[in-house]
Each structure stands twice: as structure tokens, then as C-alpha cells.
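Going by the order they are written in, the chains are A, B, C and D; count residues from 1 in each one.
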Amino acid sequence: MILGRKNIVLTAFVLICLLPLLMGFVYSLGYSLGVFGLMNEGFTLDHWLRLFASKDAWSSLIYTFLLTLVSITLVIVFAGLLSRAFVSKPERSFTQKLLLLPLLFAPVAAGFAWYYVLSPAGILSRISHALGLTEDITSFPRMVNDDWSIGILLVHVFLVLPIFTFLFTAQAKSMNLLEMNKLATSLGSSRLQCFTKLWLPALVKRFKLLIVLYAVFFMGTYEVPLILGQSSPRVLTVFISEKLTMFSLDDIPLGHCMAVFYSACIFIVLSFFLYRQKSTAS
Amino acid sequence: MMKLGKSTLALFVLLPLLCVIYLSVVSAWTYPLLFDAEFSLKHYLVLFSGESELAWSFVQSVLLSLVMATLGLLFGFFVAKEIAFSKYGSRLLKLAFYPYMIAPVVLGSMLQFYFVRWGLSASFFGVMLAQSLFILPYAVLIMSSFWSENILQLFKLGQSLGGDAKTVKRTLLYPLAKPWMLLTFAQCFLISWFEYGITQVLGIGKVKTLSVISMQFLKEANPHPAAVAAVLMIVPVLLTFIILYRWQNKAQGNWSAIAPINNSLSHHPKKVGA
Amino acid sequence: MIEVRQWQKKYAELEVLKSLNFQMEEGKTLAVLGESGCGKSTLLKTLAGFDVPDGGSFLFNGQNINALPVHQRGIVYMSQEALLFPHLNVFDNLAYGLNIRKVSKATQREKVMVLAQELGIEDQLEKMPSELSGGQKQRVNFGRALITQPRMLLLDEPFASLDSGTRMKMQKLFIESAEKWKLSTIFVTHDIKEALIMGSLWGTMSNGSLELFESKQAFIAAEQSGAKEEMAFWQTIQSENGRKDDE
Amino acid sequence: MKKLRYLILLVLLSACGTSPESEPSSDAASMTWEEQLEAARGQEITLMMWPGDPLINAYMKSYVKPEVKQRFDIDLNIVPGQGNQIVSSLMTELEAGKESSEVDMVWINGETFYQLRQIKALHGPFAKSLPNAEFINWESAFIGTDFQQPVNGFECPWGNVQMTLIYDSLKVSTPPMTLDELGLWVKANPGKFTLGNNFTGMTLLKAWLIDFAGGGKSLNGDFDEAKYLEASTKLWEFINTHKAYFWNEGKSFPKDLAEQHRLFANGELAFTMSNNDSEVDNKIAQGLFPESARAYVPDYGSIQNSHYMGITSLSENKKAVEVVINFLISPEAQLKKMDPRVWGDGTVLDVNKLSVEWQQKFQNVPGRVHAPERSEIAAKALMEPAPEYMMRLFEDFRLKVIEG
């Protein structure tokens, strides 16, 4: 009974969670430092210096960060609005059931479907042509592979909005936010103020961890920008996978540098939010 | 106002589904053809031609997802129990987030070396193993919300009313865990069903799940077979869920249908966008 | 005769039960008064077999049942929260103990009906636990234990979360049933009044030690029961009222 | 903490494996072809190839695959992967010290060939010993040399094509024949022209680069940094001054050729391009391009090159791969491939070396309708410059144009 079944199971769990990550991390780190790899010739910091000297890498980092920020903000705001509308409705209205639909979309399928809805030769464009709103293909506004990442944002919202809406609605009910809203209104708050000062903050505070987790998901978004994104700037995951399979073999270590950087960031952010909460709670 | 909002929302949610269904039944789809395009089921008929890659891909996806869901369920059920009642339970449990939150495509790239070295890449088993890396921890996350102090109390109560461990498991534990198990199974199934990044990287395109194959068609700018793949990805799952939902509601009270979903959704996000 | 000897339990370094000794006759109700954290729940849980004591013996007519697994002890533990099986309706909750003993459906039905009548829940049998009120839940909880004809009931503040009206009804129901079924019971509470109503034996518990009293009077007289303080309080109120009436 | 240190050590140990770089030996000589056919029976081989064209895929999946199964009992499994993916997956295998490869056969040319040779991932020489190799037109500089590198039997020629620009004759009455004319045209027709950030787009850029370097054979020979810098500076300047008039204002470029074709088909673009001179016919036949689509080669010329089949050095089924490659260069398979309705890929065989019967068949291949005859455009054919040019163009296109 030195080990015991319990300890074996727990050890197995910890190993499954951490060992592969550690192994991957060590390999990529080694590669980025010139230790592993067919084309590498021993320890060097060159690759890291090259990464941080490249505009490409920085624009990818900044772009991914902004995309994450805007995506999660849009999701929160829309979910907030929808929860405000749904909170007084019966549990499972048709609209609410319909909102479950995106949960059955793989990111690949969602990206694909929206591409053909939004692209200049897509369904909306054809409808607007049929209605005489646009004359030809070029007069339709560009929403895929576009400057503002409209397509990507839309798909992000599409995929995540349902979950947030359901959670927000359930939480608003159990926190009796509607009553508080009435109270605030009677104290002279406008509808907008009620929403921005009371409704959203209450929900955001309650789901802080979940919001962070989804932000981390958005940081790692891959298929959607692969289908709907521009060639530059690219999100981190696309940057990494492109560098790793680039024409230039010299660029492979850069991909590993970025992979190390990305996973270290995720690790730090997660550890901060997961374990800080614990220590303040106890 | 309300009505407008409702229809906008309905459109937003339905448009992509309608779009893939539409794309799967048109051909020679040049701009600006819309309803005057050529409609046919020929992209579907290919499925039954015997040599169809897509049909095989569907079978392979179903198999893979079923295996992953089963593994997730078993692993989640037993490991979550040990974790829930361990001294460091909540701290240990949080470790499960790490593999789950790293983008699979990056995780796959970082691990490619090992998979190749150990002869695991480009095989069904390798992809299974790769998906296990984050599906198993995730399953533990969901199942651990079942293993509460309350469940332990009920278990002991069952024993004190005269049931031995086996009987109590049969009459109390499993029936109580059923909704959680169903949820874990379904979630693991879906994660595997949706997965693209790690399957592509470590399967080297040889393990052609539906998501891998629809991306391939997409890169060929061949939207119609890609749409068939997407329909195959969405519609069977949609039907299964409708049936399950109906059956759950009929078979049991509200308790079982709602409890775990509320519980686990708020703690553990569903994998998306990665 | 029920006898507990040298009963002790430690959690980490904390001595929750300090070598307890007591005995009681079968068919009696031992009412134990104690503040929260005095170790009374631990006492009940270790007796029920939910938790393993660090030492001591638990004798029923001289037979040590300490080594028996939970399901063979015939001791039912009931807590403040009526823990009903949430996936079973009231009937199945009540019949649970019979069901696992493979009693025939007809007998189950018969016994459950009789008991439900007694407990006044005969019209609730089809309901799910979530649809019941607190008092109803506790009745089901009680009935579910009674139907297995346990040798002993361990009640851990079972009525603490009920409103006072329901609570009185439940107390009455309990006393009647205890009489009828000849139940041996340890009843833990922090309410002196309840202890006095329910008990046929009395004890107080503090810091992991249990002290039994020979009689009701001794219990009331004892400093640690707090009965005197309570009485003094009511007397002051009464005399104040009396004075007011005089004026 | 101590445990953790062991763990890291363990990981490091398993990561530091050696990679065998021994030159693969060719022992085909010790076997007759009949013996080799027998040995190949029942084998399963994996071909990694660019999947971006439905017709090519169809040729492989519904002609080659069943034929080799039926004739040689070989199961051909096709997985998608472009040049760069081929390099990276074979490289990972070598790094991991694998003894056998997941990929047996690769469709490559140019810089992929160069890189695979660099990392010693190719088996060879094998090409000249294949029975059908005697018909190959090795003498042609466009076949026996791949991006200025002698093939030396490490890859076997499979097809030969010349790049053409494709335009919609309804929208473009006289296609621009020089870069200056192209500049004027895009200014007059903004948003209608672009080039892909891909293999085909880079092939067009190479022709432009050669034009800026002085045209014709000015970039032949080994990579010349000075020449590249001089010509490419002019090239980026030309593109950057005009890209505002490109599709999507030059803010993005199509990733895949398929995407560009689709944009052309839908009328968003007036131009697309193809590495294959007869593609315009097969796309019209498929109904993808309008009937008014035409292909042409501008005056500054266009790259003519060949594409090849290679065998990976770690393949366990080299014999079977050779059998399949030998089939691919058989007159029969080459003829079929040449049909514009099938693929329209130029043959690498010297038709004069074939029997009269086959010669006639090759002469009777259904003619080109909207594509120019090869003999017409051959005069404007440019040799592929050294692979470094391609790699630098890729890198600089991203740096100086996409991000610039």
C-alpha cells in the first residue's frame, strides 16, 4: 500500500495532463535554441533574436491579441443583450432552442459556411444582386479575407455566443437581476445605464474565469482565420504552422520559437487565473 | 423591435446551416446564379459509389469519436472520483485545463517529433492518442462536478439502508451519474468530431476525418463536396441530439436533464475555435 | 444493551472524539445536546460506519459490530438535510431498502402504503423529491429508514432546518413512531427544548467528550445543558409581564 | 523537484536521437524487372502530392490508382501535401531517426527537390534504370534539368508544362504583352488583377524577375545575390506602385490557385494563371471558366518547367514505387494525361523514340481550343532559375509586398 490505487490514478492523471506538454515544450525550446533539428548547428540565440526583430512576428502577436479582445468583447455584449431579452421569457422558447444550433458546428464547418455566405461571390452577394442592390461582384462589401477581420469575428461570435447567452440568462435569473434593474430604474437610471452599469458588470464578474478561458481559446483559434483571414497579419497558430512548413528551412526554428512563446503565455495566464483565485478563496 | 431582433437572431443562426445544405445540392454554381443554379443530389450519390473517400471518412470519424467518447467517459468517471476525494483535489483538477487550452495545432506541432519517432503519426491510433491528450483531461473536468460530497453521502446512506457496495453502485451511483456520463460522452464525442488541428498535423492527412477532408475540399475550391462533408458533420449530430433531448425529457424529470449541464457549462467551457 | 467503549477519532492532529464511553438500553432515545463543532456529527458518523474510528468498540448486547461493513450494521444515519435520492420518486425512495433486499413488489407496495399513511404522505408517492417541502422530505427520509427496521437510528439535528410548526409536528411523529417501533436512537440537537421533548436519556457533548445524566432532573440541573439559564430567562420575562399586569 | 529533473532528463534523452543520413543504396540492379514486379505485388504505398486541382486528383484517383491496383496489385494511397509540407514531414522523420517513412513517393520539383536533396531525403539514382525511361526526352534542358540542377536520377520527370496567363476575352480585348502595358491596364481596370501567394504566383514573379534582370537567359546559372537584389528591387517597386490597383487593393493575395480560379470564374478577376498551358481548356470543359477565357504568354516570356516523381530515402517499398513511376511514364499513362479533357499535361517523352503507332496516337491528342499551341509559345519559354530565387521571392514577397 505504498502507492495505492488512488495514488496511481492521480499520478497517471498528472502525467497525462503535463508530460506531453512538457515534452513538446522541451523539444520546441531545444529547436528554437539550435539544440535539435537537422539544420541546426548547436546552441544559439539567433532564432529568438530573429523572431523578435521580425515585423511579421510582432504584427501576428498584436493582431492575435486584438482579435481576441474584440471577439470576447462582442460575445459578452451580445450575450448580455440577449440575456436581457431572454430573462423574462419561458425556459425554452423556440428562439432559445434555435440558438443551440451553433454548438453543433465544428469550427471548420462554421468557417466554411460563413465563407460562402459572406464572400463576394457568396450567397448574400447573390441575393443582393438579385434584389438589384449591387450591380456586380465587386460592389459587394468585402467581409472575408478583409482588413477588419469581419468574417472571423462573426464566426467567433457565432460559435461562442450561445454558451454565453445561456449562462448569462440562467445567472441573471438566479441573481434576480431583473428586480435590481427595476430598482435601479426607479432610482433614475436610464435603460442604457442599467445595462452597462449593472447588468453586464454583474454577469462579467460572475463569469470572470470563464471569460478568461474563452479568451485563451480565441488566442488559439486556427481553422477560422485559416479560412477567413488575410495573408497578413496572421494569427499566431497560422504563423506557427506556416513557419514550421515554410519553403525556407531556416524558418522552422522561428516557428518553434513562437510555439514556445505562445504556450508559455498560455501557461502563465492560466496559472495566474486558476491558482490565484484559489489562494484568495481559501 | 423585439420581432426584428428575433428574426435577425434566427437568421444569424440558421444561415450557415442553410448555406451548407444549399451548397451540397447545387453544381456549376457561378456568380450570380442563386435559385436558378443547377440542383442535383449528385454530390451525395458519390457517397454510395463504393469507392467514396467521403463515405469512408464518415465511418472513420464516427469510429474515432465513439472511441474517444468511450475512453473519455471511463477515464473521466474513475479519475474524477479519485481527484474529487483527494486532499489536493481542486488543485490537481485545474491541471486538466492546461492541455485543453493550448491550440491543438500547436500542441501537435510541438509533439510531432515524438509521434514520428515512435511511429505513431499518420495512424488512427496515433490520432486517437493525440486527441486523448486533451479529451481525457477534459472528461475529468466534467465528471468531477458529479463527484460531490453530496454523492458520497447518498452512497453511504444507501449502504446504511442495507445495500452492499455493488448494489448501491447499481441502484444509486450509476443512475445518478447517468446525466453526467451522457454529457461527458457527448462532449468528448463532439470535441473529437470537430477536431481539425492535431488530427491534420499528426495524422499527416492520412487519417481523413470529416473535418480534415472538408478542409481539403475547401482548399481545392471544391465547395460542393466540402458542403456534403459539412452536412455529414452537422445533420447526424443534430438529429441525435433532438432524439436524445426528447427521450431525456420523457424518461426523466427535469432534474437529470438540467442539473449537470448547468453545472458543468459554467465551470468548463466547450472547445471552440481551436 | 448498547455500549460504546474507548471510542476515539483524530483528524490530523485534532482530537475530535476523546475516548468516549457510554451505554444505553435498547428502545430508548438518547438526546445529546451540543454546540456545533463539539464532535457530535463525528460521533454519529463513526457509529454508522461512514468513518472509521481510531479505536474503541461498539457493542450490541455484547457483540462488537464495529468490524461489520456499513450495510450489515442496520444503523441508519439521518442528517439535517433530508438526503433523498433525487432520481427516484417518493414511493421508490421509501421502498429503496426493501428493493435492495429483493422483497417482492407486492410486499413492498403493502409496506410502503402502510408507512406512508402513518407518515401522512400517502398522496405524495408519485412526486419527485424536488417537488416536496422540507417537512415532507424529512418524513420520507424518516420513513425510508424505518422501513428497513434498523436496530438503531442516528439523527443529526434532523429538524433543524424546518420551520417551528412543521418541527413540532415532526417531533410528535417521531415520538409516536419511536414508541411503536421500539427504536433505539441517538438524537443530536443544539436545542434544549427539543432534547427534553425527544429524549428518554440525556447527555451533553463538548470538546469531544460526552457526559450522560442519570435523570431528566440531573440534566436540567447540570451547568452545561444550559437548561437553567433558559428557564431563568423565561422566568424573568414572566415576572416582568406579571409586574406590568400588576400595574 | 528532484523527480522533475529526472523527467526532463528523460525527455531530453529521447529527443536527442540520432538521424541516419546514410546515402541510400540502390540495389535494383541485382533484380530483373520481372522479379521487381513480383516483389511489388500486394504492397501499399503512399504518395504525397499537391491536391489543389480537381482534374489532377481525378486522373490520379480514378485512373492511376485503379490501374496500378489491377495491373500490379499495388495499393496507391494518396495524401495531400505541397512541396513545403513534404519537406517538413520528411525532415521530421529524419530528425526523429525513423527507419521507415510514412511517405513513399512524392510529387516535386524545383526548390522542393533542392531541399530534399539537401537533407538527403530522396532515394536515387533510380530514374534512368526504369524500363520506360528510355523514351524520356532527357536531352531537353526543360526536362533533364530542374531549376538549374541536374536531376541525376533522383527524381523522374512526369510532366512538362509552360506557364500561361489566362484572361477573359470579353473583359480584356488585347491582353498586355509587356509589364508596362500591364501597369497601364491595371490602372485602367482596378481590382481585376492579382497573383497568388503560392507556387504559381511565384512562377509568374520569376518571369517578371528575369525581365527586370534583362530577359532571356540572364538568370541562368547558380544563384547570384547581386543580380537578385538588383532585379528584385525593381520588381518590388513595380508591384508596390501598382498593387493599389490589384484585387482587394493589394491588401491580400489568394492563398491557393483554386481560390484565384474561383475569383476569375465569378468575374471578380479578369486574369488568372496556370503553370499548365492547357488548363484553360480543361477548366472551360468543366464549366468552371467562361467560354471566353483565353490563355497566352506575354512577350517577356514564361517559365517552362517539368514536374517529377521522387522516392523517399526512408521508403520501405521503393520497388513498388518504381513500378508505379514506371507506369506513370508509360506512353499510355502519358497520353491519357495529355488529353485536355483529362488533365492536359505535356508529356516528358520524346515522341520520336516511340513506335509509329504511339506516335500517331500522340499526334491525335484532341487539340487545344483556347490555349495556344505549344510550338507557338515554346519560343518564349524561360528556364527555371536556381531554386534560391524562388525561396527568396517567397520570403521577400511576404516582407516587401504583403507586409510592406
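Throughout what follows, contacts are C-beta pairs under 8 Å (C-beta built on N, C-alpha and C of every residue); 3 or more make two chains touch, one makes a residue touch a chain.
Predicted model, so just to flag it, every value in this text is computed and none were measured.
Colleague: Treat each pair of touching chains as one step and give the shortest count from chain C to chain D.
Modeller: 2
Colleague: If you tally the C-beta contacts for A-D and for B-D, which one comes out higher?
Modeller: A-D
Colleague: When the C-alpha atoms of chain A and chain D are each averaged to a single point, how far apart are the two points in Å?
Modeller: Distance between chain centres: 36 Å.
Colleague: Centroid of chain A to centroid of chain C, CA atoms only: how many Å?
Modeller: Whole-Å distance between the two chain centres: 54.
Colleague: Return the distance between the CA-based centres of chain B and chain D, expressed in whole Å.
Modeller: Roughly 38 Å separates the two chain centres.
Colleague: Averaging over Cα atoms per chain, report the distance between chain B and chain C in Å.
Modeller: Going by mean C-alpha positions, chain B sits 47 Å from chain C.
Colleague: Which parts of chain D, given as residue numbers and ranges, touch two or more other chains?
Modeller: Where chain D meets two or more other chains at a single residue, that happens at 15, 95, 262, 266-268.
Colleague: In chain B, which residues are in touch with two or more of the other chains?
Modeller: 31, 113-114
Colleague: Going by the contact rule already set, what residues in chain A reach two or more other chains?
Modeller: 23, 27, 36, 121, 137, 244
Colleague: Is the way these chains touch best called a line, a ring, a star, complete, or other?
Modeller: Topology of touching chains reads as other, fitting no named class.
Colleague: For chain D, which residues count as touching chain A in their complex?
Modeller: For this pair, the touching residues of chain D are 7-8, 11-12, 15-16, 19, 83-85, 87-88, 91, 94-95, 111, 115, 118-119, 191, 197, 248, 251-253, 255, 262-263, 266-268, 390-391, 394-395, 398-399, 402-403.
Colleague: In the complex, go through chain B and note every residue touching chain A.
Modeller: Where chain B meets chain A, its residues are 2, 5-6, 9-10, 12-17, 19-20, 22-23, 31-34, 78-79, 82-83, 86, 90-92, 94-99, 101-107, 109-111, 113-114, 132-133, 136-137, 140, 190, 193-197, 201, 210-211, 214-215, 218, 223, 226-227, 230, 233-234, 237-238, 241, 262, 265-267, 269-274.
Colleague: Where on chain B does chain D make contact in their complex?
Modeller: Where chain B meets chain D, its residues are 28, 30-31, 53, 112-114, 116-117, 119, 121-122, 204-206, 216, 219-222.
Colleague: Okay, in this complex, where on chain B does chain C touch?
Modeller: 150, 153-154, 156-165, 167-168, 171-172, 175-176, 178, 252-256
Colleague: If we count contacts the way the header does, which residues on chain D are in touch with chain B in the complex?
Modeller: Answer in residue numbers: 14-15, 17, 46, 48, 51-54, 57, 61, 77, 79-81, 89, 92-93, 95-98, 102-103, 256, 258-259, 261-262, 265-268, 287.
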